[in-house]
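Both complexes shown next keep chain A, but they swap its partner, so chain B is in the first and chain C is in the second.
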Partner chain A sequence: MAANKQEEARNKSPTRQKAQELHALLAAKFGEAVELVDAVDPYTVVKDHAQFPAVMRHLREDPAFQMDFLRSVTGVDWPDDSIIESVYHVYSYRLAHAHVVKVRLPRALPEIPTVEGVWPTANWFEREAYDLLGIVYIGHSDLRRIMLPDDWVGHPLRKDYAEQEDYRGIGTTRASPLEAFKQMDLARKKARDEKGVVVVPQQSPIKPPEGWVSPKAKKGAAAEEAEEGEA
Partner chain B sequence: MSQALEPLREPHREQMLLNMGPQHPSTHGVINLLVESDGEVISRVIPEVGYLHRSIEKIGEKVTYNGFMPYTDRVDYVAAMTANEGYAMVVERLLGITDLVPRRAYYCRVIASELCRIASHHVSTGTMVMDVGAVTPFLWWLRERETINDFMEELCGARLTYNYMRIGGVMADIPRGFDKRVLQWLDHFEPIIEEFNRAASTNKIYIERLANVGVVPGKMAIDWGLVGPNLRASGVKFDVRKNIPYSVYPEFQFDVPIGTGFYGEVGDSYDRFYCRILEMKESCKILRQCLEGMPEGDYMAKVPRKIKPERDEAYAAVEAARGEMGYYLVSNGQESAWRVKVRTGSFTATQIMAPLSPGTMIGDVVALFASMDVVAPELDR
Partner chain C sequence: MNTDNSLIAGDEGMVLVSKLDNLINWNRKSSIWYLLFGLACCGIELMQTGGPRADIDRFGAVPRATPRQADLMIVAGTLTYKMALRAKLLYDQMPDPKYVISMGACATCGGLFQLAYSVCKGVDKIIPVDIYVPGCPPRPEALTEGFMRIQDKMMRERWAQKLGGGARLA
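So, the complex of A and B:
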């Protein structure tokens, strides 16, 4: 049932067929080095990392691809398979088609050459992937953290990331404010119980106008009347 | 006598480091531009970002698919509706329910998005005029933006972090009489654009501050991944609404304004500014067609309460106020996403400051940065 739904979703994707065609072109050139994985947006996995720079350059320069726009570079962590994927979304303004390329890197030492030379805009995207996932882009001109401070420990978008307890003396976690209110209520209640104080609800200092009857009292009177009537 | 014949002393040259930000008024949010200059002439600009990083992508991995919806409007709070729409679209693609979403819902989304685009361009162009020195036009825009905020409040109850879209449709139908009120406001608003142009856009001082400043040629804009109005100002005619059609946009007649070098070279700061003004007019056109041809029907598809897609992934892009806003979503058969990546226009627009600034003046950097329309939360996420 679930598998059918997945198949249905994939069939409805208008870009799926185009992506398969583009992959076929890549496979014709690079053969065994690339592999297609099906999804709503199918993607090419470059298995042979030595071929990776050539594949990316081919995407940009080949007349059949002309992928001049690098939409994003990002990463996905898969700790169960102990790999990290570096994901590249590319688009061609001239030919109006898009493709997704991935490389699967070992989680212990994820290293892959930079694509900065092909698309200059990769600079910051790769810095972000390095900062948040710890993927090292070899040959990058300025591989520093971008979102987090330079002396931050760990890469937050990894699934096993544990946040450091404090950063330069500032705590990174904080108790829920609701807990504090609960504690306060408990302490008050305890104090009252110890002293044996009976809490009387506060009366409003504002007096109601003359002849005003509260709805509650009215209801009571009505009930009494009804009872009398029955009697 | 001998003193007069002495040769003029060489001017004193020294590299000076200037911090613009993180709380400089011209950076519109907390961004730090490290400016290295010799007197007024800039030799290097290093943008330092991350001050507003709220780890929205990590939150996306912790909450349910529906639960992430309110976070998306915090991604870009100046045009929250388009950010909502992108996320709704990517989940719909992943579930394969794009064609189940009712037509009326798509129309509601278009109304909300286009109103939001106008409101966002109000802030962008208004603050740009203000950064260069004129305050009045900015206040005019904010007055108009208040009306849009009222409309947004009618739609979804909020005036800043609008949250109207849902996975499979929208939260509620448009209120009774809403279309009439918006049309009435459009009649009032369209002449004001001309008024604004007379007051600011055609002002000689304003033009001279912006024309030929920070010229981005078309190829450079593509190489550095500029999107939206910034890209179109460089003469690249690309709009996600036209070129990768989504929602019901193919049903509407509208143009995609591009920079033609209105007062200087193609791709200068003035082109980026004026493209946004022209885009507001196009949004008005779309709004009119949309409100007049609104279909009857449901505003929400039947979507299971518990969203749990199979292991799969998708990418969806919308034309947000700051250009292509892409969501890359990976699911692992669980109730929350495995990975959410938000690709935003401000990120690349800030990045291009580094290669673009050398050789310009310090005063020009303010105009140049304003013309890029960077919104700090969208940049840092």
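So, the complex of A and C:
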């Protein structure tokens, strides 16, 4: 019941309806090449990668879309399905609507044409996705790493990324200082045991007020009670 | 007052007799020029330390924008591997004697980004560090304290002695 209500509310959401509308427009033009994924926020998946540049150009230039702003290009790694998604968030300042377009690429060789020619800002976005996920944007004018150093090994946002032992001789791990403290305690204990020193826990000379029960003792009592109750 | 120094009444006023090292160190500690080197949020607190409340200017400490004029490098913030190489380069460009303060958890051990792939796990992995100032971020008071410990360290230097002792210089 509650779930239905939730669904109803969701279906009424204007952003949801807008996304569905926009997809319908795309589908009318590109037919089978695009597909709607009816998630909480519906988005379009371009299945036919040959059509992908045309779809993106259409988004920018068609009077019904006028997506003049590429908000972001990101990526998602799905190792179980062996795909990597390249995700495009586009927005139209003129018509004040937004849409999400995704392409699903094979994980072994994630290649997709660049959209740099449509939105110049894609230059840096795509470099970022290349840097962190290793998506190759074909036709990109300058596909280098953008945030990590040029000689970095691997693409760290891939789920199976393994950190290198060192980067240019700088180690990538640091021992926890707690370990050293533990070792120190152990060494002390060992020395005490060898000497036969017995440590007697010190009692505070200050007596607690009458009738006071320490939280620890209380906890113990509560646990005991619970056990009795179970028995 | 340092017992190495003594005030003597001369013919034309007081004369201070001290060790050469003391004089050099006193000069040095009274004008620590630090390399302006804020890397992340700690950099904001570094700026506060230079501001009117903590005011490390009163120690004669002023920020320099070039390593060639700096005595002290305050590594303030998250050090990425990419920046670590630059930090090493800047450190190498500083003239001796030089000191390093590692400010905040990030510079000291990677802090809350320690498990991140891109963050260097402590600036002491690439350059020697004199003072670690803990905190996230350390308050200006804490950094000032670290600063004063650097001054203490400077006062303990014995450069003139190492250079051949008092005999040769006298």
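What we mean here is this: the second predicted complex is superposed on the first by the 181 of 231 C-alpha atoms of A that agree within 3 Å, B and C clash if a C-alpha of one lies under 4 Å from a C-alpha of the other, contacts with A are read in each partner's own complex, and residues count from 1 in each chain.
Methods note: contacts are C-beta pairs under 8 Å (C-beta built on N, C-alpha and C of every residue); 3 or more make two chains touch, one makes a residue touch a chain.
Here the structure is a predicted model, which means the values were calculated and not measured.
> If you stack the two complexes on chain A, which partner ends up touching A:L148: first (chain B), second (chain C), both, or neither?
Once the two structures are laid over each other on A, A:L148 reaches both partners.
> Give one of first, second, both or neither to describe whether A:Y88 is in contact with chain B, with chain C, with both, or with none.
neither
> Tell me which partner touches more residues of chain A in the superposed arrangement, chain B or chain C.
Chain A has more residues touched by B than by the other partner.
> Looking at the overlay, does A:F30 come into contact with chain B only (first), chain C only (second), both, or neither?
neither
> Of the partners chain B and chain C, which touch A:Y130 in the superposed model: first, second, both, neither?
A:Y130 sits against neither chain B nor chain C.
> Identify the partner contact of A:A39: answer first if only chain B is touched, second if only chain C is, both if each is, neither if none is.
The first partner, chain B, only.
> Going by the contact rule set out at the top, does A:R168 touch chain B (first), chain C (second), both, or neither?
In the superposition, A:R168 touches chain C alone.
> Per the contact definition in the header, classify A:F65: touching chain B only (first), chain C only (second), both, or neither.
Once the two structures are laid over each other on A, A:F65 reaches no partner at all.
> State whether A:F52 touches chain B only (first), chain C only (second), both chains, or neither.
neither
> Where on chain A do the contacts with chain B and the contacts with chain C coincide?
Touching chain B and chain C on chain A: residues 147-149, 156.
> Taking the touch rule as given, give the residues of chain A at its contact with chain C in the complex, in rising order.
For chain A paired with chain C, touching residues are 147-149, 156, 161, 163, 167-168, 170-174.
> Would you mind writing out the residues of chain B in touch with chain A in their complex?
49-50, 53, 55, 57-58, 61, 93-96, 98-99, 222-225, 236, 238, 243-244, 309-310, 312-315, 317, 324, 326, 328, 330, 338-339, 341, 343, 347-348, 351, 355, 380
> Taking the complex as given, what residues does chain A use to touch chain B?
2-3, 5-6, 8-13, 39-41, 43, 68-72, 74, 76-77, 87, 89, 93, 96, 98, 100, 119-121, 123-125, 132, 145-149, 156-157
> Contact residues on chain C for chain A in the complex?
81-82, 84-85, 109-110, 114, 117-118, 120-122, 125-126
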